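The data blocks that follow each hold one structure.
Look at the two complexes coming up: subunit A is in both, with subunit B in one and subunit C in the other.
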Partner chain A sequence: MSKPKVGFYWCASCGGCEEAVVDLNEGVLDVVEAVDIVFWPVALDFKRSDVEAMEDGEMAVCFINGAIRNSEQKEMVEILRKKSGLIVAFGSCSHMGGIPGLANLHDKESIFNRVYHTVPTIDNPDGTIPQVETSVCGTTVELPEFWDTVRTLNQVIDVDYYLPGCAPPVNLIVGAVTAILEGKLPEKGAVLAPDKALCDECDRRESKPENLCIDEFKRPYQIIIDEEECLLAQGLLCLGSATRAGCDSICVKGNMPCTGCMGPTSRVNDFGAKALSAMASVANANDEKDVKRIIGGIADPVGSFNKYSLPASYLHRKVRK
Partner chain B sequence: MGKHIIVDPITRLEGHGKIDIILNDDGNVDRAYFQVPELRGFEQFAIGRRAEDLPQITSRICGV
Partner chain C sequence: MISLKINGKPIQVESGTTILQAAKQLGFEIPTLCYHPQLEPYAACRVCTVEVKNEKGNKLMTSCNSIVEDGMEVQTDSDAVAQARKINLQLLMAQAPAAEIVSEMAANYGVGDTAFLSENAEEKCILCGLCVRACEQVAGTSAIGFANRGKDRVVTTPFDVQNEACITCGSCAFVCPTGAITMDDPFGREVIHDEMTLGPDKAITVPFMQAVPNAPAIDTEACIHFKTDACGLCAEVCEPEAIDYSQKDEIEEVEVGTILLATGFKTFDASRIAKYGYGKLPNVITSLEFEKLSNASGPTGGDILMQDGSVPKSVGIIHCVGSRDDNYNKYCSKVCCMYSLKIAHLMAEKTGAEVYNFYIDMRTPGKGYEEFYERLLEEGMHLIRGRAADVSDWAMNEDEEGKLVIRAEDTLVGAVRRIPVDMVVLAVGLEPQPDAEEIRRKFNISCSSDGWFLERHPKLAPVSTFTDGVFLAGSCQGPKDIPETVAQSGAAVAEALALIDRGYVELEPNTAFIYEEECSGCKTCIPLCPFSAISFVEDKNVSEINEALCKGCGTCVAACPSGAAQQHLFTDEQIFEEIKGVLSYV
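This part shows the complex of A and B:
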């Protein structure tokens, strides 16, 4: 029997998700024993035409990482959707928009202006900016169209499953591949990670008071962070109570607060709103003035609560004038 | 005009790339362009973030 064919692709991403696959170490040998990797630009030489030449549904599954922020990424994922039985959104960027999704606080014009005109390291005396088409020597050289708005994968194509995290934890990748090979997948649309909050598996959970009351949110540089006490109880903006478990709380183990890369549990639609609500619920406030003072003391709320999830949130992007 | 060769994508590297090579009538390279079709705009969206978040944000420029 021929092995199932598998593809990996990247869109607006950093390559960290590819590293997560490499982090399988020798485990990757078990994966290639069971499947044929037929498309993976970082590791194998395939051109777009090779993918276009595949039969529809030829790949059993394609893991796609990265947000969708230009026309080429949209075209590629549309092709991959046709060629794949299953599409798995791999990592925070394809799941919720990720760090590149913070660009939704801006638009194409302001990003181009910064990157190609005003950034201190630019040397661009002619003020050139990327063009979709440039005529040269009687032919046309093309670049993809850069969008105003970053989108999640499921805002562009139909997605079957999600592997959360920035980058997805190795044990979850192994679990997903195993579930696919054994045909033991949950219902379509599921996030392939434990459906509980990070606080539930955090080593510091015993030190989280039952009735937590925060008088003031602190920033990491303002305090000496205790290495055993609940970070939220220390006043740090730790989003573990709003964030899905499954990462083995590696940030908290490194004495840094959770910033929500795993996204919400299945009972929540908007991660940022849930995280904000979770923080408001522990504010030691008796009236609106107290709430304003405590929550108002959080620097950059949109970037803090939606660090990985702005395109997936109800906010989606900054309103255009 | 000669031939226009497009290598898209460039593979086995971290990042996105595309090469356009334009040959003249004699079959020699007239122009060659290395294009990076991907931009995310960290230069702009890092502004306004908390300073302590920047090590986490900028490490996603390249995760390799």
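This part shows the complex of A and C:
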């Protein structure tokens, strides 16, 4: 019996998710033992034509990381959808839009203006900006079209499962691969991680008081962080209570607050709104002045509460005028 | 029983009785200086000397420490006795020339001067040892004692060094017959003073005159017995033996069906408004302190007196102290106008003083209230419309010398006035009890922004709260005068009885609940519940909602970061389906 075929692809992402696959270390040998990796452009030389040449549904599963923000990514994932039995959105960016998704606070024009004109280190005397079509020496060359809006993978193609995290924890990847191989997958659309919030597996959970009231939100550089006490109780904006468990609270163990890369639990539709609602609930505010002061202490609210999830939120993007 | 005769009168007394006690029973006065019924007799002053005739013959004895014997014949006033007392008093006069009580007593025996040499004309101490015994036997501290012998004998602290062994109870000064002891603490501790106080002046006292039950209680912080394990005088003199020092506060759990909250109010602390000088200027008192002065069973027997004991000739009453003031409480305390008018009336009636009322608005709604105000106007009360700016003792002219000066804008005249008065009464407003917030949480009810307990509905459920079975009576719900309190409390009782009669409460169906297997135990919801319906289950590491207490407000559901808390009738799916349903028509 031939081994199931597997593909990995990346879209708008940092490459950390690919690192996560590499983080399997020698475990990757077990994976290769069980499957054939037929498409992995980051690690091996594959061309688009190789994928196009595949039969529909030839790959058992394709893990796609990164958000979708240009026409080429869209085309690629549409092809992969056709060629794969299962599509797994791999990592925060394909799951919820991720950090690239914060570009939805802007649009193509302002992003290009910033990147190609006003960044202090830019040297672009001709003011060149990428064009979809450019004539060079009598031939026309093409670039993918850059979109105004960053989209999650499931806003572009049908997604079967999600592996959350920035990047997804190794044990969840192993668990997902095992589940696929053994055919023990949950209902379609599931996030392949525990369905409880992070507080459940946090070592500091006992130190979280029952009557938590925060007078002032602080940023990690502003205080000496106690290594035992609940980070939220110390005034740090730890989103662990709103974030799906499964990462073994790796950031909190490193004495840094949870920023929510694992996304919400299955019952929450909008991670940022829920996290904001939860944090507003613990603010010790009695009047509007207090509210302004305490919430004003949160630098970059969108970037804090929707760090990984702006394209997946109800807001989706900044309103275009 | 022992039979004896005193001044020829036969008497039978129990054995162990002293001659002094027996004579007292017969009504014969024997002078004493070093005797106190609660202390061991010491026979130091020797003015209680009497003549005793028994089988051995006549003999002079000190009556305070001599025990009666069968067949004794005692003379308390014989020539020999008088002669002995004269000499003893002369000796005491020489020891303590400044002790007035000794010279007065000596004068009674025709002694005007002492034949003995005096060392210190200022000396008051007669070395009677009452203070030493009180310190040892009552205070239990022995912080003072005798030092040296003979003519060098003195009462002093150990090694003549001031130390903190003294508990500043003042027992020594209290028993000293000559006033030789004054209280002063070099360590800055509060000492017992002999000024008249408007507060509790004893460690055992009835909290206030109309207290129910009208029984005294011991202030264990102040009581000597609780400090040194000594004293116990109150238990000794209490004939029904009602005093039990071992009693402790106990917490009893009682299961009830309904609860009436009647925690009342606290008066505004006038010292918060520094410009009125309360606590700093003499004779600036609060309205409740006036009530104490005015009370017939109060410290002054109902006389309105100033700190120096004289009667005030002019009095200012400042209304709205702590009420209708953006800096303190914005609301009107409702009762102060009427009680201020009453104080004004009583003040004028009792002292004949000129009374000035400083008011913002005169608020006199209520049966007969306006008529009372009219009557006061006719009585010639001065009513100055304008909030008093300050009270000071800074005189600008001769008339203001030694007076309290109230500065206020008289808005009817359109001028700033300075009114010099002897006494100022501050009409303090009403405030919620300081622990109202704690009580509110305990009973799962709400407070208004002012801190008063909130009724469920001002018109439809004025004595109910948001927790079924908890009702509000009296001014814990807001400022009320007595008639209103009585009426409203009656309604609260009736509501409570109606509920007891029915025997059950109806719950709303839209309560919240928590999916136990999905709760991460983050505890976010717990402090948010206004009804304290959520508790944390330690062993399962989840929050749990008591649906009998839940009122379905949805706060926890909105706040639950992981969506484990949901509400019947308002789940996310339901709401989204409703939105979809509505939008399908668009």
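Everything below uses one rule, namely that the second predicted complex is superposed on the first by the 315 of 321 C-alpha atoms of A that agree within 3 Å, B and C clash if a C-alpha of one lies under 4 Å from a C-alpha of the other, contacts with A are read in each partner's own complex, and residues count from 1 in each chain.
Please note the rule applied: a contact is a pair of C-beta atoms (placed from the backbone, for glycine too) under 8 Å apart; a residue touches a chain by one contact, two chains touch by 3 or more.
Predicted, not measured: the structure shown is a model, and the values here were computed from it.
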Q: Using the overlay on subunit A, decide if subunit B and subunit C clash or can fit next to each other.
A: fit
Q) Where does A:D56 make contact in the superposed view: on subunit B (first), on subunit C (second), on both, or on neither? A) neither
Q) So, does A:K208 touch the first partner subunit B, the second partner subunit C, both, or neither? A) second
Q: Please indicate which partner A:G16 is in contact with in the superposed arrangement: first for subunit B, second for subunit C, both, or neither.
A: first
Q. Which angle, to the nearest 10 degrees, do you get at the Cα centre of subunit A between the Cα centres of subunit B and subunit C?
A. 140
Q: State whether A:T265 touches subunit B only (first), subunit C only (second), both chains, or neither.
A: second
**Q.** subunit A residues touched by each partner, larger count belonging to subunit B or subunit C
**A.** B
Q: Look at A:D290 in the shared chain and tell me whether it touches subunit B only, subunit C only, both, or neither; answer first, second, both or neither.
A: neither
Q. Just subunit B (first), just subunit C (second), both, or neither: which does A:D45 touch?
A. first
Q: Considering only C-alpha atoms, give the closest distance between subunit B and subunit C in the superposition, rounded to the nearest Å.
A: 22
Q: Overlap the subunit B and subunit C contact sets on subunit A and report the shared residues.
A: none
(Q) Could you list, by residue number, the parts of subunit B that touch subunit A in their complex? (A) 1, 4, 7-9, 11-16, 20, 22, 30-31, 33, 35, 37-41, 43-45, 48-50, 52-53, 56-57, 59-64
Q: Show which residues of subunit A lie in contact with subunit B when the two form their complex.
A: 10, 12-19, 41-48, 69-70, 72, 98-100, 102-103, 105-106, 110-111, 114-115, 119, 130, 136-139, 141, 143-144, 146, 166-167, 219-221, 259, 299-300, 303-304, 307
Q | Residues on subunit C engaged by subunit A in the complex (per definition of touch) | A | 515, 518-524, 526-528, 536, 541, 555, 558-564, 566, 572
Q. Considering the complex alone, what residue numbers of subunit A touch subunit C?
A. 195-200, 205, 208-213, 239-243, 245, 264-269, 274-275, 277-278, 280-282
